[in-house]
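The following pair of complexes shares a single chain, subunit A, combined with subunit B in the former and subunit C in the latter.
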Partner chain A sequence: MSRTAVIKRSGQRATELFNEAKLLNSIQAACLSVRTPIGEAETIAKNVSRHLSLWLAERPEVTSEDLRRKATETLEIYQPDAAYLYKHHRLVI
Partner chain B sequence: MSKKVTFDYDLIVIGTGAGGSAAATIAARAGQKVAVVEADAFGGDSPNWSDVPTKALLHAAHLYDEARHGARFGLRSATLGYNYPSLRAWKDLAVKRTGAAGNRRYYENENIATYHGYAHFITPNEITVNRRHISAKHFLIATGSHWVAPNIQGLKDVGYLTPRTILEALRPPKSLYIIGGGSVGIEIAQLMAIFGTKVYIAEIASRLLPHEDEEVGTLMERTLKEQKGVTSLTQTRTLAVVKDGMGKRVTYARGGTQKTMRVDEVLIATGRVPTVDLGLENASVAYTPKGIEVNEFLQTSARHIFAAGDVLGNHCHTHTAILESRVVANNLLHKNKLTPNYAATPRLTFSNPTIASVGLSEDDCIKRDLPINKAVAPLNIIARSNTSDFRDGFVKLISDKKGRLLGGTIVAPAAAEMIHEIALAIKYDMTAAELADTPHAFLSWSEAIRVAAAKLS
Partner chain C sequence: MTLAASLAIIILAALIHASFQLSVSVLTLLSGHAIGRKNSHAKLLRLSGSFVFGTALVTLLLLSSIAFVLEAKMMMYPSHLFYWAVACGLLISLGLAVWLFYYRKDAGTTLWIPRSLARYLADRAKATRQSGEAFGLGATSVFAEFLFILGPLFVSALALQHLPYEWKLLGLLIYGVVSLSFVFVVFLLIGGGHNLSRIQKWREENKRFMQFAGGGGLIVLGFFAYIMEISSFTAGGSL
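Presenting the complex of A and B:
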């Protein structure tokens, strides 16, 4: 598990450590929302998480927006529809 | 009444290479409160990993090569040899002596605060370095560029060398496949070939050094083949690399057919990409994978943030980065803003013979549909060629129809020194006739410039 700190949006909430499970769940939820089969959604979430962990390895601190942007970039390779939803979910929901 | 915003520093410079150090020093000497952030070795790429160590090794290599071929001057060189660990020690000494390499204390002596770690923007005026938040009124992004491997099947799995990592090799490989026949690829090819490596250079373009004029690429291909046994594979696309015992097997396509060859190592020299992954979105700085976008004053889309050097994606030269860094320092400190003038920026390849060019190349003029005159003076028509027994090379000058110099290319042993005369002429709008009228010392290589200028005038 990466020990990168994540600065929350607008800096209003306290900074917390990167939580991989939280990322996996959010990616999986985005995939399931565009009717991706559950097994495939799990695989995609793991792949995105692996990419992101590599990126975070040399960064002690990032913002939650950075995480969202990087996760979206990677998700776009595997499931573009889910990536769109993930990118805009605050506006869509 | 609104609260006045205070920052930790007046200026934070991200990157301590050529693009950052000049501005940081000038600003600090002008009384600004300055900090620098470095993720790698202080001093940046040029003194630590590229220009200085490569040129130190090339100097030793050319000396060895000259001595080996000294029999024609009456020198006995049959027992000449080299010790590679000693050569590496010489390279390390040259790096250490620059004063810039790894030198954090230099900045501290200049009253500049230093931070070691990755800088990441979290707001337009704040970065985080090792979870420490520091703010500044202005920023200069000078993060440089890094080598990137082309998308070739299996390359990342089997591993590869870069022009940086090959300098740390314990001994030269027996055979080396270089992907990319540009300036750096040529320098490494010649360096390794002198120390006995069988070198292959694969270049996708129809000639080596595709950014230089055609005769330069043709001459270097011939020189490398005849004198160093280097095999140039032009119009070649590398398709795949797989492990083959202790070495690697490379598959490439050339002339419509696929071929394979076994080599000890593969080196990538296909180009560098700007280092832009530092949370620029959080600072509203516009960029593309090709570099950060700046206006003529080197300001990014966030006007308080400047950028200089390789990170702009324009030129990958240390002297260009220094020029830009000085411009940024001026624009930060003075109301009278400057713009960098790239017209007389030399481009160099430290091969033997050295290749130097400045201004427009013939290809540039053709692309721009400029009516030009050109003249070529081969080195073998001047007296120095006779006394040095060196005949390959030339000076080529390009002027407009009124004789005003637009560009020049030199392939000669002292081209790196000779090119500045042409650069000066281009910068100050001189004509070929004025250059030809200037006395050039007998038995200097520069006589070839006078001959070429006289042909043009």
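Presenting the complex of A and C:
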């Protein structure tokens, strides 16, 4: 379990510890949104989470934007359509 | 004004209304969250169907309300020329505003609306679990875009005044169906199992065209109304 601190967007909300379950859920939801079967979505979420844990191991703190950017880059390898939605979820409205 | 000209104005105004994208954006978000939560397909259809029903009902209520107020005002101040001059000014200025401000310069399909309102709509789309909430979200998305849909609604309400009584309800329904055609198409695509990212990518790739078409349509409609109503009066027509 990573002990990396995540500095929230715009710095107005409190910094919190990296939560792997939150990342798994968000990646899985993005995969499901593009009609990926549930089993495959779970596998992709675990793979992305494993990549990110390695990346976070060397960093005491990261911003939530960095975390999202790195997660998008990794998700792009496994499911480009889901990566597109994950990247643009704040840019729809 | 002839029946055909009135219907042409209503249809063109409704097409311009259809090019405005806030309801489509919120529907896309709502559906994405519903699918991501592993909701059944029936629940997805219920939520998105309620959303579409909310947008349709509020659009029709707004148009009929504006038409009712205009009819009452026209009885007191029967100068049609004044109302058409207001409509032309509104359409042309809104057309320029659409060209300048409708989409932000960011990536994606971010719209002109204040960021606090955009965050509120995005949060509500994420939190929506019940059909009633989806209906309310659809209604809110129409109100949130009122500033831009006011032009097409106002000119359609004016054109409705020129229709015979038996055509008024049909004119209202034509506006409703055409103005919500984009939302219906997205609803059908989502219901048919299409990929949300493809729908969103298409919207992003074509957003400048939609902006140009929407703004251009408003300006064209403004000039059309000017020629049909104002210049015909100044050339010797009647009030």
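Note that in this section the second predicted complex is superposed on the first by the 92 of 93 C-alpha atoms of A that agree within 3 Å, B and C clash if a C-alpha of one lies under 4 Å from a C-alpha of the other, contacts with A are read in each partner's own complex, and residues count from 1 in each chain.
FYI, a contact is a pair of C-beta atoms (placed from the backbone, for glycine too) under 8 Å apart; a residue touches a chain by one contact, two chains touch by 3 or more.
Note that the coordinates shown come from a computational prediction; the quantities given were computed from them, not determined experimentally.
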Key: subunit A as common anchor, with subunit B and subunit C clashing or fitting   = fit
Partner chain in contact with A:Arg69 - subunit B first, subunit C second, else both or neither = first
Request  = Count the residues of subunit A touched by subunit B and by subunit C, then name the partner with the higher count.
outcome  = C
Task = Considering only touches as defined above, state whether A:Arg59 meets subunit B (first), subunit C (second), both or neither.
result = first
Query = Now for A:Leu85: first (subunit B), second (subunit C), both, or neither, which partner does it touch?
reply = second
Inquiry  = Once chain A of both complexes is superposed, is A:Ala21 in touch with subunit B (first), subunit C (second), both, or neither?
reply    = neither
Note = Once aligned on A, the angle formed at the Cα centre of subunit A by those of subunit B and subunit C, in degrees rounded to the nearest 10, is 120
Ask   = How far apart, in whole Å, are the nearest Cα atoms of subunit B and subunit C in the superposition?
value = 15
Message = Per the contact definition, I'd like the list of subunit A residues that touch subunit B in the complex.
response = 5, 7, 11, 58-63, 65-66, 69
Query = In the complex formed with subunit A, which residues of subunit B make contact?
reply = 117-118, 120, 122-123, 128, 130-131, 279, 281-282
Task = Can you check the complex and tell me which residues of subunit A touch subunit C?
result = 28-30, 32-35, 38, 81-82, 84-85, 88-93
Remark   = The answer for subunit C against subunit A in the complex is residues 22, 25-26, 28-29, 32-33, 35-38, 106-111, 113, 118, 121-122, 193, 195-198, 200-201, 204
